[in-house]
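Chain IDs A, B, C and D follow the sequence of writing; residue 1 opens each chain.
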Amino acid sequence: MIIVLRPNSTSEQIDHVLERIKDLGFKAHLSRGELRTIVGVIGDENKLQAEPLLAIPGVEQVLPILKPFKLASRELHREDSAVQVGKVRIGGGSLGMIAGPCAIENAQVLDTIAGRVKAAGANILRGGAFKPRTSPYSFQGLGEEGLKILRAAGDKHGMPVVTEIMDPRQVELVFRYADMFQIGARNMQNFDLLKEVGQTRKPVLLKRGMSATVKDLLMSAEYILSEGNPQVVLCERGIRSFEDSTRNMLDLSAVPNVKGQSHLPIIVDPSHATGRPDLIPAMARASIAAGADGVHVEVHSCPEKALSDGPQALLPDQYATLMADLRKLAGLVGKTM
Amino acid sequence: MIIVLRPNSTSEQIDHVLERIKDLGFKAHLSRGELRTIVGVIGDENKLQAEPLLAIPGVEQVLPILKPFKLASRELHREDSAVQVGKVRIGGGSLGMIAGPCAIENAQVLDTIAGRVKAAGANILRGGAFKPRTSPYSFQGLGEEGLKILRAAGDKHGMPVVTEIMDPRQVELVFRYADMFQIGARNMQNFDLLKEVGQTRKPVLLKRGMSATVKDLLMSAEYILSEGNPQVVLCERGIRSFEDSTRNMLDLSAVPNVKGQSHLPIIVDPSHATGRPDLIPAMARASIAAGADGVHVEVHSCPEKALSDGPQALLPDQYATLMADLRKLAGLVGKTM
Amino acid sequence: MIIVLRPNSTSEQIDHVLERIKDLGFKAHLSRGELRTIVGVIGDENKLQAEPLLAIPGVEQVLPILKPFKLASRELHREDSAVQVGKVRIGGGSLGMIAGPCAIENAQVLDTIAGRVKAAGANILRGGAFKPRTSPYSFQGLGEEGLKILRAAGDKHGMPVVTEIMDPRQVELVFRYADMFQIGARNMQNFDLLKEVGQTRKPVLLKRGMSATVKDLLMSAEYILSEGNPQVVLCERGIRSFEDSTRNMLDLSAVPNVKGQSHLPIIVDPSHATGRPDLIPAMARASIAAGADGVHVEVHSCPEKALSDGPQALLPDQYATLMADLRKLAGLVGKTM
Amino acid sequence: MIIVLRPNSTSEQIDHVLERIKDLGFKAHLSRGELRTIVGVIGDENKLQAEPLLAIPGVEQVLPILKPFKLASRELHREDSAVQVGKVRIGGGSLGMIAGPCAIENAQVLDTIAGRVKAAGANILRGGAFKPRTSPYSFQGLGEEGLKILRAAGDKHGMPVVTEIMDPRQVELVFRYADMFQIGARNMQNFDLLKEVGQTRKPVLLKRGMSATVKDLLMSAEYILSEGNPQVVLCERGIRSFEDSTRNMLDLSAVPNVKGQSHLPIIVDPSHATGRPDLIPAMARASIAAGADGVHVEVHSCPEKALSDGPQALLPDQYATLMADLRKLAGLVGKTM
């Protein structure tokens, strides 16, 4: 940690800064430049980052030099992690191809979709039983009834299942039916929920929040990891920007960016990122080329009658065509589905 | 609702669109232009907005013409609402001046701060017992112990108290101690939490999320209102932007923007919006001049030892100076504290 | 164009709206809904979009239904365009692989770099003689001396050359030395400059501005096209966002987004978009997989001594490795270098 | 300047870093922490910031500790500057109240508007003769004819005039007619234009770019100042954000933010920032309360027939009402019009 003092800081202020650092159990190292005096602070920076050093009179800037996450960091865990979801492995060269409808609507529609995406090569089935909808007047999901339908479809078609959880009180219920929890973008910083799934030993798909930096995403993963659950898969699904022709702005650079700093697997969701079926296939191909550990795509057999997010779903045939492309790309980058 | 068809849409597609609209119980009105055919849809637009019309083959754009919120809207409730928090009224010409530390640390520190802000003119005391911290290694709040300290300080100094709630399981506990729930920015779209506080009859301070539009904020208020709780005060506290010299970007235009569309009161939090004590007074003054129904400011008697967000707190003396300015401004714009 | 009237608009206001539309030479079509009255306007929408209809009393919203660009649009020009730069073709299945240093520093350095990127497979040489630098105290480029060095290096290594132009007064000079003009992000809406290069018949590489939507980019292309120069190649190079670990936010979805609306070729510049050599190769691969018509990469033989943007340049060896990957990907997506 | 080395940097790399710093004429100061080695660099940081230190092998971060602008900085010029435009002073307690139409349309319309805004208390007349329009098909301004009309109206009503300049070739022409140059948001980083107006001795109104940070704005001012022209007034006019209900996002915190770092005056333009007449008065009031040195408002006597930006103009009566409010506020904050 480097503390930069104001140009007009007094010697009393400098002494006070040095004293505060000593009180906190750290060593200070003073250096006077032409225009600024700076103080290097030596000790456990993670502990130091919690202190309000910037509030000490005379301090102009506080410059951290270490990353604020530990368990998610590649510094202490150099090889790629892989996460096991039922029989499917995500990471370490294996791709998690997650597909299914936005919301679970009824057993028949889900069965049809599950059969089609399985045939196309998907290896994990998705579907929402609890839906975070912007409007209280929109369809909010089938709840436990939906979880049963999802479990049955997964079992019938031989696919592990992932579903969103929005409330810490749902953990026990969802735990019984699903193979993987999904934490949605709106709950990426719902810290009580993160702690709760961190106390289980079930894999978690953690989606990036719409206003979260890559560092914020890794800090939220750290919440889950620090509770003892190492099974975290990150998901890039777009951030909010001024571009109004797509639903969100897909930050594909997050894939190599995360991989440089963290050992955790990361997949991409081009469906929510773009909100446009005409852009999803190109962005799914780009994701694999960028090094993602999988792709999450919404598929519906009749988008115009879907109860949630129909306009952004691919048709089963479009998904099958896309998967054929992705299989070739996967080979080229040395990955297997 | 206006549906715009693609330039090359077939007559089968057009017929199918008209049929879908009829099936959904609405009336369609076809109009052929030189380059585009458009369909006007007549009926309850709130119901219609939940339908995936954009997914119907041949449809290019769907243009809503009504706002998607009802209870929060000024269209059906033309006069300003006021919310009663203990003896304090927010809205309708009365200013809610909320002040206190970021986190509740211990009884003595809070008592000191409460006495100082009360003397300066604050009328509601704030303090966090459950803290949403980006890092799992930061101070997470004192929990129920903190709530007791807050209640005691409020009672001693004659101020109603507001505190943040992060988890639906805390509603009952916080209900017993606080006069107003605060929903923080990170939980603005934690819909289960919104529903839960909506089922109480206690006022709610709802902060705008960092990636939320004004419309999103009003939709989240609608969740609370639609559960039967009309006591909602909105709070602008900055959105995320590329400007890196302030913590967030204060959107002060949200104040008149909300007031044009909604009857709900709105206050401003310049502390979180800027994260800089040197900017807070100017932004607090600007808030009152812009028509806000109050200002929320973090105050700490010793920021450099605060357990949370010390660097953005005002000192009690700075707060007193600011309040003197705000009192004059309030008079000028016809408001009372 | 659809005009939505306010709920309380008077019949005088409605009559006035209809009269204004008639005065402007268009036909109006009135439709009364339950809560709103709307007016459809029939006629040349491009002409209509210039009119301040929103300023007419009683008008609440004006909803355009057509895109505001014509010559850049795919509606009137359905096949992909290709642009010829010297012997190199960009678009229509041919990839433009542009490489070189940020700034031209001297003949020897550029000769070395040109030889290396040519050997790796680059087909167009880039280098800046006029540099847009944020600080007036940074290196501003060699000017005409730099142009001569660039021309000589291009001729020696058999590559057409592209260089940035910042000022309409430089058009004549740069025209004599370069095979392609580059308009940088900061000048994307320098309309006088756009008009000036639009009056030449030399290809233009038009980079997206940091706060420009895809529509804004296409409108700027329209400026060049409408002056008579059809040789425009677009370039996605990142927009500004809150993510602070990359220089800009690469919007790779812009590639299929542009291709859906426009016939113009589009390439990607991962160097400026990310500012990080560790992310450039993954983003270059993703660009080709997403359907881009080429990639623009900064390469320097000694980044730590570069006079501009050294930290974001690839080394020649890194570029050669990347090009080997891109060649395989190009084959997969049916493109040739 | 602080250089942070990678955790695994070799002693050869460290030696090489020290050598490079010595070669560049600076002194290095090595400090080994538990997890990182850091190097303090002592010498003229402005010169050092131009060097690509981040590209040296083994370097992880480069942390500047000084601001990159000098002439615009308050560090070397502690008192507020005031800029003289004709008989009007902006800054140092005097407010510049700029008003007029977006574009100059004809002598009669401008005369009417000028008379009305003068009567309401405006002290500088604005009007555009060269218009930066997103579409090549929109009205582009009257050119020199417009400048003549503007000059005549200013002279008749006793107001200095300000008008936008977009092209370095227009400097001589505009110089003859106007009292102040305006550099628009789209040209804030048109560095050739900045240099050109910097070589005159006429005041410049420099508007913040839509993707510019406050630091970027001050760096662009530095371009003008470093050419020898000290007469720069900054203007906050909104940045680009995801909020789609206003034209831009007004960053009012830029006012105290600039004032803390720079001695230059800063005014606010709520017309372009919001694009909505219903929000302009509240934002103008907030600007004065925040400490701005003036307000720039577009006024038109018949917005629905304006040739440019009609929907965002205030009517003369609305402007007069607003000015009455602003006069009271000015008194309260100790400023004069």
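Going forward, contacts are C-beta pairs under 8 Å (C-beta built on N, C-alpha and C of every residue); 3 or more make two chains touch, one makes a residue touch a chain.
Since we're looking at a predicted model, the values are computed, not measured.
Asks: Across the interfaces A-C and A-D, which one involves more C-beta pairs in contact?
Replies: More contacting C-beta pairs are found at A-C.
Asks: Which chain's C-alpha centroid is most distant from that of chain A?
Replies: The chain lying farthest from chain A is D.
Asks: Centroid from C-alpha atoms only, then distance chain A to chain D, rounded to Å. What do you get?
Replies: 38
Asks: Could you grab the centroid distance between chain A and chain C? Build each centroid from C-alpha atoms only and quote it in angstrom.
Replies: 31
Asks: What parts of chain B, by residue number, touch at least two of the other chains?
Replies: If we look for residues of chain B contacting two or more partner chains, we find 211, 239-242, 244.
Asks: In their complex, what parts of chain B are in touch with chain D?
Replies: Counting only chain B, the residues touching chain D are 211, 213-215, 239, 241-246, 249-253, 255-257, 260, 273-274, 278-279, 282-283, 285-291, 328-329, 332-333.
Asks: So in the complex, the part of chain C that touches chain B is made up of which residues?
Replies: Those residues of chain C that touch chain B are 2, 4, 7, 29, 31, 33-36, 38, 40, 42-45, 61, 63, 65-66, 75, 240-242, 244.
Asks: What residues of chain C sit close enough to touch chain D in their complex?
Replies: Counting only chain C, the residues touching chain D are 20, 46-47, 49-50, 52-57, 68-69, 132-139, 166-169, 186-187, 189-193, 195, 209-211, 216, 219, 222-223, 226-227, 239-240, 303-306, 309-311, 313.
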